[in-house]
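Pasting the structures in now, so scroll down.
Two complexes follow with chain A in common, the first pairing it with chain B and the second with chain C.
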Partner chain A sequence: MKFQKIIPAGVFAALVLLPFLASPFHMDMAIRILILAMLALSLDLLVGHAKMISLGHAAFFGIGAYTVALLADKAGVPPLLALPLSVLTAMTAAFLVGILAVRTRGIYFVLITLAFSQVFYYLIHDSAFTGGSDGIVLMERGSFDLLGLLVVNLDEERDLYFFVLVLTAIVTTLLYLLIHSPFGQIVKGIGLNASRLESVGFDTRRYALVTFVIAGGGAGLAGYLFALHQIFADPTLLSWHMSGQILIMLVLGGSGTLVGPILGALLITLLEEYLGAYTSNWKLILGIVLVLFVLRVRGGVWPWIVRTATARGRRDGKVQP
Partner chain B sequence: MSAILTADKLTRRFGGLTAINSVTWSLKKGEIHAVIGPNGAGKTTFLNLLSGVARPNGGTIEINGTRLDGQSAHVFARHGVGRSFQRTNIFDGMTVAENVKTAALVHLGHAFRFVRPFAGYKSLEEEAERALSLVGLLDRRHRLAHTLSYGEQRMLEIAMVLATRPSIVLLDEPMAGIGYDETRHVTQLIAGLKHDHSVVLIEHDLSAVFSLADRLTVLVNGAVAACGSVEEVRADTAVQKAYLGE
Partner chain C sequence: MDELLVSAFVQVLNGFQLGFLYFMFAIGLSLILGVMGVVNLAHGSFYMLGAYLFYAGLQAGIPPILAVLAALASIVALSAGLEKTIFRSLRNRSHLDQVLLTYGLILIANELITMIWGPTIRSVDVPEVLSGSISIGFGREYPLYRVLVSVIGLTVGVGVWLLLQFTRIGIQVRAGVFDREMTSALGVDVNRVSLLVFGFGIALAAFAGIVAAPILSLYPGMGETILIPAIMVVILGGLGSLKGAFVAGIVVGMVETLGRVTIPELSNVTIYLVVAAILYLRPEGLFGARISK
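Right, the complex of A and B next:
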């Protein structure tokens, strides 16, 4: 019982204290993990709840990143003002893809999302306007001053960290509310038995489309933050490798939960960072780890932790009179 | 009694097979209308057409005077059609109560409600409890749906239909594969529906059909072989030959 309060409090304290203790290298990594966690959470709304497996989610991530980069580069729009536009552009793209994609299920949905993301990839990769394969560099991240009360300069690593942390917390909270709302219930219903939901009286395509657009918006926000973070947007953000990597985070962390995708983003980034330091063949090791996981820890790390903890709790409960 | 649902020259083909062949048929308001026929006669296809699960290749369907042929299942549902399925069709990972509450969500009109917790909607809770007590599953409401026995899952299926408060109830073999006590319970339940629903019942248990039905349609090879009161149909020699085997 006590652990249920200690662990979240500990995580919260660690997140707040981290920028005062960590090296720039670790700060950089922490920001990346938070952004990827947001990205993974947005995809898990589709994969974990609606059981719509998208292999094109990186497209919306990249579109969010390119929106802020292009606006700053071509029109001189301050990056902070571009935030809502990045989200909106990604949602618009998701809407256009979604209209066609939600007409399909299963493997066809996988393929149609992959196909559309490749279209976006090559549009950006092959266009001089978007800087081709070189991408676009952001000159500055910008700052804001809220009546002198809250002065944030995103070019300071610590301020950027808190900016990303707060937005990730907001997205996580909104997703929590959404999943537990009537809308979330319909999303789960789509995942479990869409045709039954139709027979009860719900136009499941409309709900699937809105879900797809919301997930796209989340990816767009993550992409916006990623561009701010690395002051750079390049086509690899939209690549299908990126989409695959997010899916791997879900498989590893535990799809269908809120903690799982966050944990997946954390584990993948750590594995990449530390295994990558040992050997350039780190993906081979990651592959072996994944195979072991899929075989031994079905459902991902987080569900496994929960199962183990509740099993232990039950055992302890039996010992006590 | 006036017709609540009419089908005119309804036709459905699967490749070269005509599953439903130009069926003209009507359901009167407040009646229990049983549809019987040998395996492969097209009974389930007929229900699929009447509930929008399948689209007809020809002919029309009117519900309360509105043309609905060619529309999707969710449109039929919004016009008051509730149906149960021959093969159990529930939300496996949800609890029994959640299954019924999800069906009851239609009473909110739409589900584009993103903030307030689903669990906090008292009206849905009450609707689910009403439907679950009608089928006798109230004490099972916290169980995960897939842990129920087969018979109980069939009951849950009916509870989900009732929770949407349909005016037309389509039941596809509700008694198939369930025990004697449950069969009696379902028989009573269907008899009780008659007051404020119109019911189409597909069922192989002829004693249940004869005791429940106001009218009877015999479907053979996708066409209506006979339609009338139970007595009329039982007396029909063609039907006896084709189906009753007497």
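Right, the complex of A and C next:
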């Protein structure tokens, strides 16, 4: 039982203390992990709960990023004001894709989401307006006054970290509440048996569409933060390899859980940073891990930790079976 | 006016040539999905591998014909091994598992190619015998090899059609596409059919890579540039349908080529919008009998 209280408290303390201890390099990494965690969580609403496997989630991530970058570059809109617009454009794009995509199931859904993400990728990649393959640079992040108490200056790495941390925490909480709401039960029902749900009178397509749009909004917010973080947006954010990586994160971490996708974002980023520093062919290792994982392990790292911990607790007689 | 007409004609020829490449590649993708129920994202990796092995053979000074055969033979052997160790068990796994595992294979293939041949672009010369060009009137020449690509594609198409239509294994394959469980219940050795379909489909992908090598460039990741349009071909044509793959392959190749000339800014988008529009009207694709599970 202690385990269940100590760990969250430790994680919380580490997250708050991190910016006072970590080097700029690690700060940079921590911010990226938080953003990717939000992105993986938003996709897991589809993959882990509704069992709708989207291979085009990166499109909404990129659209969120490009919205803030374009607004700042073309219209001089301060990045902070662009936050709701980034979410909104990503949700609109998800709505447009969703209308068509939710008509299909299974493998068709995978392929159609992939197709549509390519449309957005090429629209942005081939257009001079969006800066082509070079992308768009964001000149500044801006700052705001928090209730007259303190000034949050996002161009400071530490302030940006807390900004991202708070938003990731909010999104995580909202997703938790959503999944445990009656709506979330229906979303899970779509994943378990959509035709049965339909036969008791639920319009599953509509629920699937709303879920798709919510997930798109989450990705849009993550994209907004990512553009802020790396102060530019480029087409690789929308590429299907990005979609593939998000999928890898949540599945390795543990799809269908709240901690899993976050853990997956952490693991993949660490793997990329440290293995990538050691060998330029780190993707070879990632590929081998992935193949072995699907063939032998399944289930993800977080479910494995939970299983091991409860099994040990049971053996020690602390947890009632 | 004549000049414009001839240019248009040249573009149509280019469209056919790209369409036939998509067609050859998509047959395997479509049949593996239809018969085995496996979505093979790594299909493009075999296309890439075919091109690179052919390149390596030529570099070693082997005559082109032998280089083609050697590349194909090694890829067929590789595919048989992969079918028995990995793809066979993927048949009963979720689409998510299939997507992840075959995506992992893409990462492995791209990195291995980079490690062996480096990240730079390689090119293959057209074999000397086929390097001429033919006159298409109005004093314009068109490379012989590019015509040959279409001829090869057409021959492959007819060959596969004959196989599917008139051989015992062809009937079993078509039955498998139609209803997997029933086919196996009727006593067809599904493992054998799936091994053959997989090996054959992969061989065709590799062959498409070999044929494309002299007209396109070789680089790690080249497989994905054909994979995604070919997925559109499969969706558009309908799962496991040869006729569908043929028509959709030509449509996709043509729209892409002509789009590049007429509206360059939107050339890459057009095809996806066309596919989306057709799917809205016919969710099962042009020639698909039904939406499979």
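What we mean here is this: the second predicted complex is superposed on the first by the 313 of 321 C-alpha atoms of A that agree within 3 Å, B and C clash if a C-alpha of one lies under 4 Å from a C-alpha of the other, contacts with A are read in each partner's own complex, and residues count from 1 in each chain.
Please note the rule applied: contacts are C-beta pairs under 8 Å (C-beta built on N, C-alpha and C of every residue); 3 or more make two chains touch, one makes a residue touch a chain.
Computed from a predicted model, the values in this text were never measured in an experiment.
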item: Clash or fit (per the criteria above) of chain B with chain C on chain A; value: fit
item: Touching partner for A:L247 - first (chain B), second (chain C), both, neither; value: second
item: First (chain B), second (chain C), both or neither touched by A:L88; value: neither
item: Partner chain in contact with A:K188 - chain B first, chain C second, else both or neither; value: first
item: Of chain B and chain C, the chain that contacts the larger number of chain A residues; value: C
item: First (chain B), second (chain C), both or neither touched by A:L55; value: second
item: Touched partner set for A:G287, first chain B, second chain C, both or neither; value: second
item: Which superposed partner A:L111 touches (first chain B, second chain C, both, neither); value: second
item: Where the C-alpha centre of chain A sits as vertex, the angle toward chain B and chain C in the overlay (nearest 10 degrees); value: 80
item: Partner chain(s) touched by A:S127 [first = chain B, second = chain C, both, neither]; value: second
item: Partner chain(s) touched by A:I305 [first = chain B, second = chain C, both, neither]; value: neither
item: First, second, both or neither for A:L271, with chain B first and chain C second; value: neither
item: Least C-alpha distance (whole Å) that remains between chain C and chain B when both complexes are overlaid; value: 11
item: Residues of chain B touching chain A in the complex; value: 51, 53, 72-74, 77-78, 82-83, 85, 89-94, 98, 101-103, 105-106, 108, 111-119, 121, 160, 164
item: Contacting residues of chain A [partner chain C, same complex]; value: 47, 53, 55, 100, 103-108, 110-112, 114-116, 118-119, 122-123, 125-127, 240, 244, 247-248, 251, 255, 281, 283-284, 286-291, 293-295, 298
item: Touch list for chain C against partner chain A, complex; value: 33, 39, 86, 89, 93, 95-97, 99-101, 103-108, 110-112, 114-115, 224, 228, 231-232, 234-235, 264-269, 272-273, 275-276, 279-280, 283, 291-293
item: Interfacial residue positions of chain A with respect to chain B in the complex; value: 177-178, 180-186, 188-189, 192-193, 195-204, 207, 210
